[in-house]
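One chain, subunit A, appears in both complexes that follow, with subunit B as partner in the first and subunit C in the second.
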Partner chain A sequence: MVNVDALTPATTERAAPGTRSAGTAVDGRARARRRQAVVAYLFLAPSLLFFAVFLILPLGFALLLSMSRWAGFDLGGIQPVGLDNFTGLFADGSTFLAPILTNTLLFALGTVVLALAGSVVVTTCIDNLRFQGLWRTLYFLPIVTTVVAVGNVWKYMYEPGGLVNGVLNALGFASVAFLQDPATALPSVVVVHAWASVGSAILVLTAGLKSIPESYYEAAALDGAGPVTVFWKITLPLLRPSLLLVCVTQLISGLQSFALIIVMTKGGPGDATNVAALEMYRQAFSYGHWGPASAAAFVLFVVVLVITLVQLWIFRRKGEDA
Partner chain B sequence: MTPAHRTSGLSRRHFALGLPSALLTSGCAAPHQGTGRPGDPIVLTLLSHYASGVLKEALQAPVDEWNDSHDRVKVRTKAVEFTDLLTTFMVRQAAGQGADILHPYCLWNGQLVQAGVLRPAPREHAEEITRGYSEAAVDAASVGGKVYGYPTEVQTYALYYNKRLLREAGIDGPPRTWRELEETAYRTARRDRYGNTLVQGFGLSTADDSTTVGQTLALLNAAGGRFVSEDGRSTTIDSPAGRAVFELEHRLVDRGASAPGVNVYKAFRSGQVAMVVSGGWWTGSLKALMGKDYRDVGVAPLPLPEADGKRATLSTGFMLGVNAASKHPRAAWEFLRWLNAEKVIVKRAMKGGTATRMSSLQVSAGSLTGRADDMRTLLGSHSDANLGPFLDALAYSVPEPNVPGAQQAKSLLRKNIEALWTGQQSVDQALRTTRRQVDREVARSW
Partner chain C sequence: MIRRRFPWWSYLVVVTGAVLTVVPFLDMVMTSFKGAGEAGTLPYRFLPEAFDLSNYRAAIDQLDLPVLFRNSVIATAVITGSVLLTSSLAGYALAKLRFPGRNLIFRLVLSTMMFPPFLFFIPHFLILVHWPLAGGNDLFGRGGAGLTVSIAALAMPFLVNGFGIFLMRQFMVSIPDEVLEAARIDGAGEFAVWWRIVVPQTRPVVLTLGLLTFVHAWNEYIWALLISTANPDVMTLPVGIQFLQDYVDPTRTMPIVMAGLVLSVLPVLIPFLLLQKYYIRGVMLSGLK
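Let's look at the complex of A and B:
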């Protein structure tokens, strides 16, 4: 790697003013740097344009809509309403804060905890097995399966006469109304989302696991450390960067998720599994309330941003960069 | 790469560059609308939910007939599943790609009119619609006193019952009052020792909005209640009639006669539901799916709170209207008149019997239209006796409210009904919450 600090004094010395040739050289370098910058911007232009068209413009439009009343078709019909849409989200009787936002957070946190714990255990187990590629492929399969298929299969399994209740009955337990009981509906969907997310987490954690030097394990073995000690003292701490990545991406995906919920419960029973993204979708595309939908989107954006920053801060305090 | 490779047809590079360009071009291209000049006919698009099976074929037949007999105006159908229909209207309209002719669920009319999507029917068409259809159908196709389209299918709600299950429970016939309905439900319901439902006495289902809300609103109407006030700006669910319906459903769930977790559509045809309230469209579907077991299915008018009460039930429906953004509204209305108002001789009816093409289409698919005269012509004396109660109900049914915000009000009602069924809310709480939420949301839509 080039040591920038070591090069800087020499560069400064060569650029010292006082002579005509030195000034010309400085001008030449500045021109070259400008040329490089122009070329760099030219190369960046397509992606900047892409971001401008598909990110910045919609973001600005959404911000405008979040402070407007609009039915969705005629741009001339946008009526400014100030912060009414935001205050409406938190007004007395609104369901946005509770249970919708609460459900969103519980859904995301539940998914992260289950997926993280599950993937760490599975990754560690696979690392000690033969045919590792086969096991990883099996666990990765839910990722390449569409959410609609996953949701429908699990929905049938959860049904009163479905596979899960069949197993419970065979073991002598009474049936559970997994998706029909408000107390069990959200946890039931969380389990499915976590199960479907484990595959991608395993890939990231496997990469992290493979990057841990074998010498650490050899040293631990020489010191007589058992598998549990090795896991807690070596594997888990050195997996922290991978865990951070999994944690952040899973949490963001959990906070934004709604496809699985719409397939499995449509947000019900009542509002028991309703989440912010599903509510936004309904407000905009079913009811034509683009203002409240955009306001809800901005609130969710702030929630995602704050939670992600907090996660990064916690992991950085523990000495790891994202 | 060798020169020979470079000169032989389309290179990989050209293909890689060409494919995205072609996709982009085709994606951005608007559908060909035609100009109407000689040699370039007007092409009208019709967006419907008749996306598959019998309904798709039934709609395509008259469209093909129109296209074969008309040179200047052609009609092209586009279809999506019903669950995607409203979203498709909204997204395509926002993108400037709305179809010329729309086939909305009448519940959405207030919302679509408010957003400027639907065009009011010209005077001569409005007069034809008002004259030719039942009052419920005309109300459903109207917003603020203006007619916006030709009603197509009209569904009324009645009580389906399984004759075998009632007979096995020692019950002679379908219930006529709510007291009889409850007794029949408790006597027919059965569960196994693990709590699994073997037979629901009265099917209450969370399968979709239409099932959950439709059956509740039908019972509400039968009790003399209404969901939305006369001016359409608030709900009147928190009334004695609303309380009576919520209490009835709460008791049925609480005492084990109903199991809302079970998909009632599947369970009824498997002989696991004794009674359920649903729309007339279901008869055609049940007949096709149940085979010889269909003989156990009976349909009766909706039971009333008291035997001597005034009959009422819910009616829902669809209509065909013209997009406000259509460039060829006159041609679109002309096609709709041809399809919905022009009477043609019906082969399978009595000699010389006539009906509109749309009525024939609906009956062939096992559905009903809002034209009672057509229904009587098409059904004849050998038709399914189970359609009779639905046909009779056209005379006294209450159309589903279609004010701005109606879809949201329906969703909010559904959430609170489910919360009541699952014990999250008491009857009082469910009534109060529904009123507060619906009043707030419906007010925002005006």
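Let's look at the complex of A and C:
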């Protein structure tokens, strides 16, 4: 940094004197600007090339596929069918709306509710303790773990001879066939997804909590407010922007996720845990139905987009640009 | 100060939650030491009868762990290296160079974060199948399997990251222009300015983005599953372990699966514990994972 400070005044001195004629200076500057533009595009070239091949081309391709019938890999065999793939998704007897899209919403909502409740309670409690960093790191472990590990450990824990049923049996309850029973399968997976998301929610809420001025708490203490009153009257209202952020980002990621479901239940039993992204994946890569799969992907995309826009609208309306 | 007291119920909540978080990992480790027929039997027992290390041996042999490990390492290294390099280059151009179309490109970069990954699985796969002059394809991408059968396919859709470019740009904007100008006047080309002055100053953001990308790439499952289905030779660790768990008798192989999982989790757990503040910053900057 010392070097830098020494250089700065020299720069202005060297740049300032107008010893050369105005014309050449302007020419020189124009040339420099043109050269900078060329260099800038060279720096951007790898990224732009990538976006052209892996973003823009795929979006067009997916849109084309969603309105085509095509089996196999021969590009010449693509037949346009208009909106048939979309109407097919919502036709009588289609499982897309129910149970698949319903499952998707239940999965996302269930995750948000559980993860939000858990993270709010834990975040405010951690704030009362010593060794806060240590606690947060512990809660963060599932986030850095592959979904294959999370899914398999929990799948095994849900088995009749697994930990969860072991605890239930020890407490005198009968075993539950968590993932095999259509009634309990979806909630069981939701619990795991929420368990894995609590850590990052805690992080966002902690940032929000730390930005609440200490003086509010001191004033409340002077007024003799108890911890419960402080939580409801100060912490929760002032945490609202962070809560909203967690809520919406978790909802969006919940709507899209299916890796955990592939690992734990493969969508079963029946369609009990099937969600839109998984259905898309299966239609495409198990049956080669590229068209209906692409249509399903776009429907899910629109659902996610609408929820994102609603989120932006809520943020704007409350004047809480985050 | 009401915030800094340590009530017992806070301890109770936090410790209970921490136990709920950590117990599945402990169960994974304990199961990885259990003998054949000891896992998944009634009544449930947390501790193994004896700490049997043979499951780790079996995981290494049965899963062909060295090959899976190699594939995971190559894919992760290529992705992380490429994301850091391209993000730094593009971030520099967007932060420090003036050129026509700059705002448009910056907006394009921001919009890339809006599209959910599932939208791209099908087109990315089909693009790789039809990649020209690869895997037996002709110039028009017909006739062969394209890049789907090569290890490059594992990394290709992840080589550039809009969020990475955005993160680098935001960080580089705060580097004073005078410093760069001084170097330019001393005769340094833009590439030298970037490499000698900007890159050394971006160390914290390189660590943050690098760790975030590394953890994501190492744990990636769905895309790797797709590519491995086309070509088992490029199977990654998560895919290989899931494959074993799907197709072999669960009560017998569960300890081996858990041993494999322990071995697959360690390579990210250790860097995370050492550099957690950089990773956590990345997660906070990107909203949520």
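In this text, the second predicted complex is superposed on the first by the 258 of 322 C-alpha atoms of A that agree within 3 Å, B and C clash if a C-alpha of one lies under 4 Å from a C-alpha of the other, contacts with A are read in each partner's own complex, and residues count from 1 in each chain.
As a working rule, a contact is a pair of C-beta atoms (placed from the backbone, for glycine too) under 8 Å apart; a residue touches a chain by one contact, two chains touch by 3 or more.
Just so we're clear, the structure is a prediction, and the values are computed from it rather than from any experiment.
Colleague: Based on the superposition on subunit A, does the combination of subunit B and subunit C result in a clash or a fit?
Modeller: With subunit A aligned, subunit B runs into subunit C, so clash.
Colleague: Looking at A:Phe285, would you say it contacts subunit B, subunit C, both, or neither? Reply first, second, both or neither.
Modeller: A:Phe285 contacts both subunit B and subunit C.
Colleague: For A:Gly224, decide between first (touching subunit B), second (touching subunit C), both and neither.
Modeller: A:Gly224 sits against neither subunit B nor subunit C.
Colleague: After superposition on the shared chain, which partner residues are touched by A:Ser294: those of subunit B (first), subunit C (second), both, or neither?
Modeller: second
Colleague: Would you mind checking which one, subunit B or subunit C, touches more residues on subunit A?
Modeller: After superposing on chain A, more of subunit A is contacted by C.
Colleague: Quick check on the superposed pair: does A:Gly82 touch subunit B, subunit C, both, or neither? Answer first, second, both or neither.
Modeller: A:Gly82 sits against neither subunit B nor subunit C.
Colleague: Between subunit B (first) and subunit C (second), which, if any, makes contact with A:Asp181: first, second, both or neither?
Modeller: In the superposition, A:Asp181 touches subunit B alone.
Colleague: In the superposed arrangement, which partner chain does A:Val153 touch: subunit B (first), subunit C (second), both, or neither?
Modeller: After superposition on chain A, A:Val153 lies in contact with subunit C alone.
Colleague: Go through subunit A and flag every residue that touches subunit B in one model and subunit C in the other.
Modeller: 73-74, 159-161, 165, 169, 284-285
Colleague: Applying the document's contact rule, which stretches of subunit A touch subunit B when the two form their complex?
Modeller: Its residues touching subunit B are 71-74, 77, 88, 93, 95, 159-161, 165, 168-169, 173-175, 177, 179-182, 266-272, 282, 284-289.
Colleague: Quick one: which bits of subunit B touch subunit A in the complex? Just the residue numbers, please.
Modeller: 86-87, 90-91, 93-94, 111, 114-117, 194-197, 206, 208, 259-263, 405, 407-408, 411, 414-416, 418-419, 421-425, 436-437, 440-441, 444-445
Colleague: Mind listing the subunit C positions that touch subunit A in their complex?
Modeller: Residues 1-7, 9-11, 13-14, 17-18, 20-25, 27-28, 31, 39-46, 85-87, 89-90, 92-94, 97-100, 102, 105, 108-109, 112, 114-127, 129-130, 141-142, 156-157, 159-160, 162, 165, 176, 178-179, 181-182, 185-186, 189-191, 194, 215, 218-219, 221-222, 225-226, 229, 237-239, 241-242, 245, 250-251, 254, 257-258, 261, 264-265, 268-269, 272-273, 276, 279-280, 283-284, 287-289 of subunit C touch subunit A in their complex.
Colleague: Can you check the complex and tell me which residues of subunit A touch subunit C?
Modeller: Result: residues 4, 7-8, 10-11, 14-15, 33, 36-37, 39-41, 43-44, 46-48, 50-51, 53-55, 57-59, 61-62, 65, 73-75, 118, 121-122, 125-130, 135-150, 152-154, 156-157, 159-163, 165-167, 169, 195, 197-201, 203-204, 207, 214, 217-218, 220-221, 225, 227, 230, 245-246, 249-250, 252-253, 256, 258-259, 262-263, 277, 280-281, 284-285, 290, 293-294, 297-298, 300-301, 304-305, 308 of subunit A touch subunit C.
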